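Order as written gives the chain letters A, B, C and D; numbering starts at 1 within each chain.
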Amino acid sequence: MLKLSRMLPSSSSRHHLLEVLSSRKAQVGDFTYSTGFSTATNNYAAKGYTSDRVSAPYSIYKGKAAFSLSPCLPTFTKLDSGTVVVDRRGSIMMIFMHAIGERKYDWEKRQRFALSATEVGSLITMGPQDSCEFFHDPSMLSSNAGQVRKSLSIKPHANSNGYFVSLTVVNNLLNTKDSFSVPVTTAEFAVMKTACSFALPHIMGWDRITNQQSGGTVGLQPKLASQVLDLEWEK
Amino acid sequence: MLKLSRMLPSSSSRHHLLEVLSSRKAQVGDFTYSTGFSTATNNYAAKGYTSDRVSAPYSIYKGKAAFSLSPCLPTFTKLDSGTVVVDRRGSIMMIFMHAIGERKYDWEKRQRFALSATEVGSLITMGPQDSCEFFHDPSMLSSNAGQVRKSLSIKPHANSNGYFVSLTVVNNLLNTKDSFSVPVTTAEFAVMKTACSFALPHIMGWDRITNQQSGGTVGLQPKLASQVLDLEWEK
Amino acid sequence: MLKLSRMLPSSSSRHHLLEVLSSRKAQVGDFTYSTGFSTATNNYAAKGYTSDRVSAPYSIYKGKAAFSLSPCLPTFTKLDSGTVVVDRRGSIMMIFMHAIGERKYDWEKRQRFALSATEVGSLITMGPQDSCEFFHDPSMLSSNAGQVRKSLSIKPHANSNGYFVSLTVVNNLLNTKDSFSVPVTTAEFAVMKTACSFALPHIMGWDRITNQQSGGTVGLQPKLASQVLDLEWEK
Amino acid sequence: MLKLSRMLPSSSSRHHLLEVLSSRKAQVGDFTYSTGFSTATNNYAAKGYTSDRVSAPYSIYKGKAAFSLSPCLPTFTKLDSGTVVVDRRGSIMMIFMHAIGERKYDWEKRQRFALSATEVGSLITMGPQDSCEFFHDPSMLSSNAGQVRKSLSIKPHANSNGYFVSLTVVNNLLNTKDSFSVPVTTAEFAVMKTACSFALPHIMGWDRITNQQSGGTVGLQPKLASQVLDLEWEK
């Protein structure tokens, strides 16, 4: 533990890597929600380890609970027409855990909340006095609609110096209610906002569009391109 | 429909993917305005599907109408001198559709409005009380100048909690007038601003410049480079 | 001219591409200051046209004068130790031209002003009431020091709705004084700020650092890496 | 010196490259803290010099002292499960030096301070009146805990026009105390904030996640992907 701790230039004893906890060590391999659906045979393999699942959550560990944020990219599918469209939407995955001892958190009873692009939009525009709340029903439109309810709230501290980030999960099927509340400093929230702003175009899939053409069609058919009238006016 | 809906962690019944609509399904292949001019033989093909047209619009579906945003990259052409210059300017393409039923939108009668870099500049600096309006004439400088007029306006809600995004198209050639108005929440507008800020350097083509040299000329001719005086003072 | 003009969805007759002007056409090849020192044999050539010089200035054409902005990347050199260091600093190159007729600008008598990273820092933090001024002496530290003086000023309009961007060049060697002043709208300035913020890490060379390791050292020597103590505490 | 100086379009005699100093020249090779652990055999080598250590610090040289900022990327390690996790955290490395003469700084007695992601979050949200202070103990959790104390403070100038950036290092083992204080202009601080905001997702390792999937798994198994239910609801 010593060795790892020395790698963490942290000014506060409250900040510790999940990996520090010996009880968690074996489960780090499970901590791969962010890229759980990537395959081992993708085309970037030749460039090194980029074909592997990468786990780099931003984690905030506090006395009673912890949560982490990690971008979860969209998946795409190719239509018969050759067009690639979004299959599953991207999100920022939040994972909450209860503290179960000194620097120990309960990975088994973790709860998830996936922020959509628009919910990320709410988060990144919050001012110091603003609050927001999101409601998710994982069984929406199924026969179990309304049986599980999740709500995430972000509320400012009384002194405007940070926020409380809280998740409540009510599961009527299991007859359980689970709550987490994590105080977040202004600095930690700034990291969340900057990282989420960075990730937003990626979870929307826009990076796929902007990367695509930039090495591609340049001048291959300049004549044809010249003949293209403004797209706006076409049907 | 059930399966797809469960993939959408949405807190509101108003948000639905275009793909959910069975009547739209067959037309998703047409929904490729953003990359309609990329070719199938570009040099990124070896890296996977990046050679295909990618469609990842940010869509806002409301009761009476919907619109989507998608970056439309510039095209380039190579001059005899070897310099690559912008051929057709990039834009953020907006597509508006009328609602024609429960979660159904009329793709056939869609209208387009392509935001230029400077118009994107207006959008991303709007404060909660600001409004803006853009006028386009697709036939500008042709014999039909003034026959078709498009205006896009973005106006704040009375309570400063979001905006109305409206498009009006007056076509004197067809003797038609078409109007769309879509209420946009603060969170949705934040996504629009962040995504447009991300896309702006790409629609300007600046990503081509910054990507170019960064893996390129480094130290190939250090001596020559050292002799280069400050570019500013050269003619 | 018609064809090109129809490609420009511009709401104002003041915005026109340099390429529209027939008198400029032949000189577009000269308009390559931004990447004038890239070589034709760089390693990206296999990816398409990225080895060529790319010109994609953001240009603001007004009645009496015009200017354009374009990122000018740093060059690097490799030391005997194997470390790559910055050789010539990056900048945002501004080029000013006088109007010499309807939509014609005088490329021959253009003047340049290269914004350093810190000057870009001034520009991107300007509020609507702020102004700034930069002074350059191209002959600084030579025997001609003080003979040529360039000053760039950015001053807000009286109504806070945009800025005047002005360049003055006093050349005592040639006994000349040249002045340009271009009114810039709030939207145009927003494009300048967003594009310059995007370009800033690139002209600093930080993109070279962040791109480098991200496909590189991952896990090649996990044991060794684990033994590395915090860099901060090393000498 | 003349030649190099002419490459610096600086408006102030206070800004000078480290490389200008002949006494530093031979030590530039040591100035590679930012990428000191990259290997010479990484997979990007074929693309040019990107396999080499790149040094591109943002340096602020003032009369009594100087400091530089440079991103220090995280290192990763691959678990047996195939998942790649962060091994050593990334940071923004600050290096302080005392002035020891006209444009000369003492590289031998430099002191380091590595800003964590959360400390970067503090820096990038600072308003013109805000201040912050960070404390590091390099020997934290070892038998030498408390023997060396480093504190970095950023405090606004009395006139709100910039900041003082100060580092104090108290070493009880060597019985020394070392202090540096560097005045920073608003423009220089804007560069620091913009560059740190750019670097933040990279030092968190999020760029590894967003780069990964974007050329990868697209549509390789569209059927399988379609069957994947929302990650949020899975255990």
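In this section, a residue touches a chain if its C-beta (ideal position, glycine included) is under 8 Å from a C-beta of that chain, and two chains touch if they have at least 3 such contacts.
Since we're looking at a predicted model, the values are computed, not measured.
A.B. asks: Same residues or different residues where subunit B meets subunit C? The copies count as same if more than half of the interface numbers are shared.
C.D. replies: Both copies, subunit B as well as subunit C, present different residues to each other, with under half of the numbers appearing on both sides.
A.B. asks: In steps of 5 degrees, what rotation angle do you get fitting subunit A onto subunit B on the CA atoms?
C.D. replies: 90
A.B. asks: Report back the single chain whose CA centre is most distant from the CA centre of subunit D.
C.D. replies: When every chain centre is compared against subunit D, the largest gap points to B.
A.B. asks: Just the number, please: Cα centre separation of subunit B and subunit C in whole Å.
C.D. replies: 25
A.B. asks: How many angstrom lie between the centres of subunit A and subunit C, each centre taken as the mean Cα position?
C.D. replies: Centres of subunit A and subunit C (C-alpha means) sit 35 Å apart.
A.B. asks: Multi-chain contacts in subunit C: which residues touch at least two other chains?
C.D. replies: 6-9, 42-44, 47-50, 76, 78, 84, 88, 91, 114, 136, 138-139, 208, 211, 215-216, 218-219, 226, 228, 230, 232
A.B. asks: Please give the residue numbers of subunit D that touch subunit C in the complex, ascending.
C.D. replies: Within the complex, subunit D contacts subunit C at residues 1-2, 5-11, 15, 17, 19, 28-29, 31-44, 46-56, 58, 70-73, 75-78, 84, 87-88, 91, 93, 112-114, 136, 138-139, 148, 150, 185-191, 194-195, 198-199, 202, 207-208, 211.
A.B. asks: Spell out the residues on subunit B that touch subunit C in their complex, using ranges where they run on.
C.D. replies: 42-44, 74, 76, 78-86, 88-89, 91, 114, 116-122, 124-125, 134-136, 138-142, 197, 200-201, 204-206, 208-222, 225-226, 228, 230-234
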